[in-house]
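Below: one structure, written as structure tokens.
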């Protein structure tokens, strides 16, 4: 395994992480959750990601249970959760979501109880909350880190570049701890935000990235290439009632989807040339970005983890020439000029 | 015993300290550890030094055990440990070393558990960690002092002058507690860093020093003078598999070693003239430096401590004339001029 | 010409600068000064360096006169001077040197009068002043920049790493402008301070470098190679009564000098292999260091400037292999490890 | 001449200064003022002290006139004035005295006009103003230094220890410039405040001292020893209508006066033993105090200055034994213990 610094912090995370979204506490049972975590750890993965709202809090419960059973040394693993986006238990009340001081403190306390842990290593603001003043958000995350000791670092997820810059500026002004990491959606089909909008955040604020959905929910594995109109039976989008899955199912086969599939087919040609599976190429491509600290992957079977880890061996196969071919397919992101004369 | 202020802090430490490196929890058993600590205390030594990685954490265990058995008043002693340099138990994992917020907090928590103490008096950053931002380091040491109450003061060990200045500057900027002490290697054969590179830190930042290896692992006692090629049987460098001891054994008799022995022989002539043993002179010489708060000594027998304490009576014998003779042998450190006209 | 940012500032300086030390206002007359400045400008050099004490202030007078006659657009050039090291007019009085608030303000006012300029772009603290508190120094440079408008940026010259770190820390603490550049002695024979002692300052404080004496006063041109005992008649060290030149003359042919000449002879072999003059290699080598914003050169004839500028074309000839050969001759500087495990 | 740093600042002042109180612009004419200043300068004195209220502003006028006529290099001299204690022209209005922002700015502007200078080096708050908030005082002195450029440093005169500590604390809190010097009354007969009350200010705040009245208006010269009841005709206290002189005349021969004369007579015995005049001993005694940057002397004839400067040669004659004898006469000041156990 390769370990990378989480942005400009002193924390080191495995370049591949394991996330509990949709799977642990949801689509798979506790036995499989434990098997997956064990497999990940044996592969050198030290970074495990969840959130207060994944499957209504059950993701935290299932992962906490597995961690306890596995008897890991707490110092040796990096656990993250996220606060904001919908309350646990699926029940949305007036103040159990968002980034008010009240919910950040109450939310993280409840997360730790479900995880049965004294602290997480990283707590993310899961989506921005534009109704809460940024100063309140920054102060509340500092409170849970500095006074409560419930987290070591804080980050953001799916924030805009200017919101991250604002949070960092307020932290500096007040002598408080700034967010060190953003968790964005990032893969071959969605690179504009990470490479374009965020381009200056890495050096200016020392921002790290833990990215999610490297395969865009399986699309980049190529498994939907031959089912243009409806999800193949048994696939993730054919079943399940998660809000997100419903959204994907509803868009299946529509215009954006077709354009994606078109690109995925062209990527397949490149993957064949390189001699690695399409999904391995997609994962390795994310890892080539030096601003990415960790690519969070999901798994509903331990073998998937073993497969994913192979991507680390393929980084050298993505030569500048191959990277340029990929750019031709998915579109390169043009950087802003340093000066405009 | 003489007590000195720890730099510009309010803490007073005995001018001689007792350290657990290599010995306690390692080369000597628990009975001898206890006997040494008792002897030290009876001689007026109040400062006891260890580290998370000394003999894989066993130094802390052994010293904690002895302290408990001796039933000392906690208020009456000064205990220090160090975080960073390699994990306890000899096992180096991804995040159980370095100076990340995670390791400073987790490491000190584990140290206190091994020591079976509620807090140490001084926690050192054992070597710098150039992969962790200085702000994260300063904040984390403040967290364990201010919020956790796990330490009274913090210091550094084997840092460079610019790193200490940077840490002090950040502490001032953020209104946080700055390091008050550095623990360097300092003896007759190695004075350049302490007297040269560090020369401005004492008055500008109120830095104190707790120095280690006053005899350069026995070299300055003269006991290797007549064994030019290989360590005499039974000596420290002849046995043991500690990483550090191996390194010394490998260099035994080589160029730098021979140069050292040459100087040690000349020092012997001066010691004879003064009428004290060579090792007593070497210890007393360290204590003559007013920037040294405490000289940390090691001991594998209680009698050694009694011998060491004699050095305090010899300070007056090191007259300016004798100090100048010593300078002629080991080389004086030239100070930077105040102004250059 | 290549332009580089002055450290982490927004100012751009030509990678080669022209300095007035010893020459302008001293060894050469006003006509040659003007011809040199014109030649430099025509080569694309935009950075001109002087100091209050160069030839007792006459360097500033001569350069100011030339700049006025040449009728350059002030916005197009970067002028620097230095305050501290001995008073102008050769007359050293109680308060007309050092870095007291009084002398920084009075000294720069006098420099501007001699230069006949409203402001310089960079004002350097020419050597540290260890009798003046760093806070007074930082505040005074901010005063001449912020309130008086007499300079755009400030820097240091021949300071130690801890002093630069201290100044930056105090500037941050007080919300003031930190020094952006250091001007050190740097060449093939003297690289330890710039590459070793300063190694952390570049990324941590955004420090830039404008280096002086790339040829060590001509030594690296090889012109003293065949005169081992005394300077050849007509050479710089044979004539002149400047304090510095006298010092060099006194050391001519002594131990350190002989060691230098030995290295210079070996460098000649490498330069021949690369196919460029020795002095061009020496200049290009300085420019290879990415932390160097500008290499300040001297000239007593316009043709020398044309020669110097050729070094910029030779950067690619200094391949990693050639750089390694040079390291073998002059000794590479070992960097401090990021972590010590 | 000997030069000393003004407290912890970078400014250097001659150990003897020349003040204009009562004399320049008052008791002596412009010719003598000029002759005295010239004599002082020729003796190496670089520090000249006045105040807005000395002889109703005429002291500043006379000294400014002399400085202009003498054509000194402004950089080479240190000029101080004082604001607060009664307005110039003898006319006391509502807002032309005290330390309000209004009077500090208006008062210093008027002083500079009388002195015909662009700035003074030191501006003192002449006595505290307990009706003005300390923050207003600190801010106003910073305004005239930083924004107006009317002074290089600021100090206090006849403030209490706690008031100086308060001003320094407010300056630190607000990131402003703290006072660097206090001007107290200090001589053999009045040492309690400087050595007792102020004892911690020197190291904690870097406070310097410019002391006045080293001879207590002539008393310590012994010239009143033989006139127990009334001032001898022609002496300073026999004539003049200055408020202060009247006060001294009224107390002539009373109880405190008699006690003083008693001590002065005993001091004479010691001076005779040492072999120097009594007044020389009194001056030298002030200079022995390392916290004194400069002893301000007055003069109504140039020869007095030559006499005073001789005191600098007598410092070594005041051996520890002689200093102890002096203590026996005037009473030593006991220092507060470091700790009280």
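Lettered A, B, C and D in written order, each chain numbered from 1.
One rule holds for everything that comes next: contacts are C-beta pairs under 8 Å (C-beta built on N, C-alpha and C of every residue); 3 or more make two chains touch, one makes a residue touch a chain.
Labels paired with UniProt names: A, B, C, D = NADP-dependent oxidoreductase domain-containing protein.
On a predicted model such as this, the values are computed, not experimentally measured, just so you know.
**Q** Examine where the copies chain C and chain D touch and state whether the two sides share over half of their residue numbers (same) or under half (different).
**A** different
**Q** Centre-to-centre on C-alpha atoms, which chain is most distant from chain B?
**A** Chain D.
**Q** Cα centroid separation between chain A and chain D, in whole Å?
**A** Using C-alpha averages as centres, the distance is 71 Å.
**Q** Just how far, in Å, is the C-alpha centre of chain D from the one of chain B?
**A** For chain B versus chain D, the centre distance works out to 49 Å.
**Q** Need the CA-centroid distance for the pair chain A / chain B, whole Å please.
**A** So the centroids are 45 Å from each other.
**Q** Where in chain A do residues touch at least two different other chains?
**A** none
**Q** May I ask you to sort the chain touch graph into line, ring, star, complete or other?
**A** line
**Q** By the document's touch rule, what are all the touching chain pairs in this structure?
**A** A-B, B-C, C-D
**Q** Which residues of chain B touch chain C in their complex?
**A** Residue positions touching the partner: 85-86, 92, 97-98, 127-131, 134, 158, 160-166, 168-170, 172-173, 197, 200-201, 204, 336-341.
**Q** For chain D, which residues count as touching chain C in their complex?
**A** That would be residues 3, 5, 8-12, 14, 46, 73-76, 78, 121, 146-147, 149, 152-153, 175, 177, 206 of chain D.
**Q** Which of the residues in chain C end up touching chain D in this complex?
**A** 87, 93-96, 98-103, 105-107, 110, 129, 131-133, 136-137, 139, 143, 147-148, 173-175
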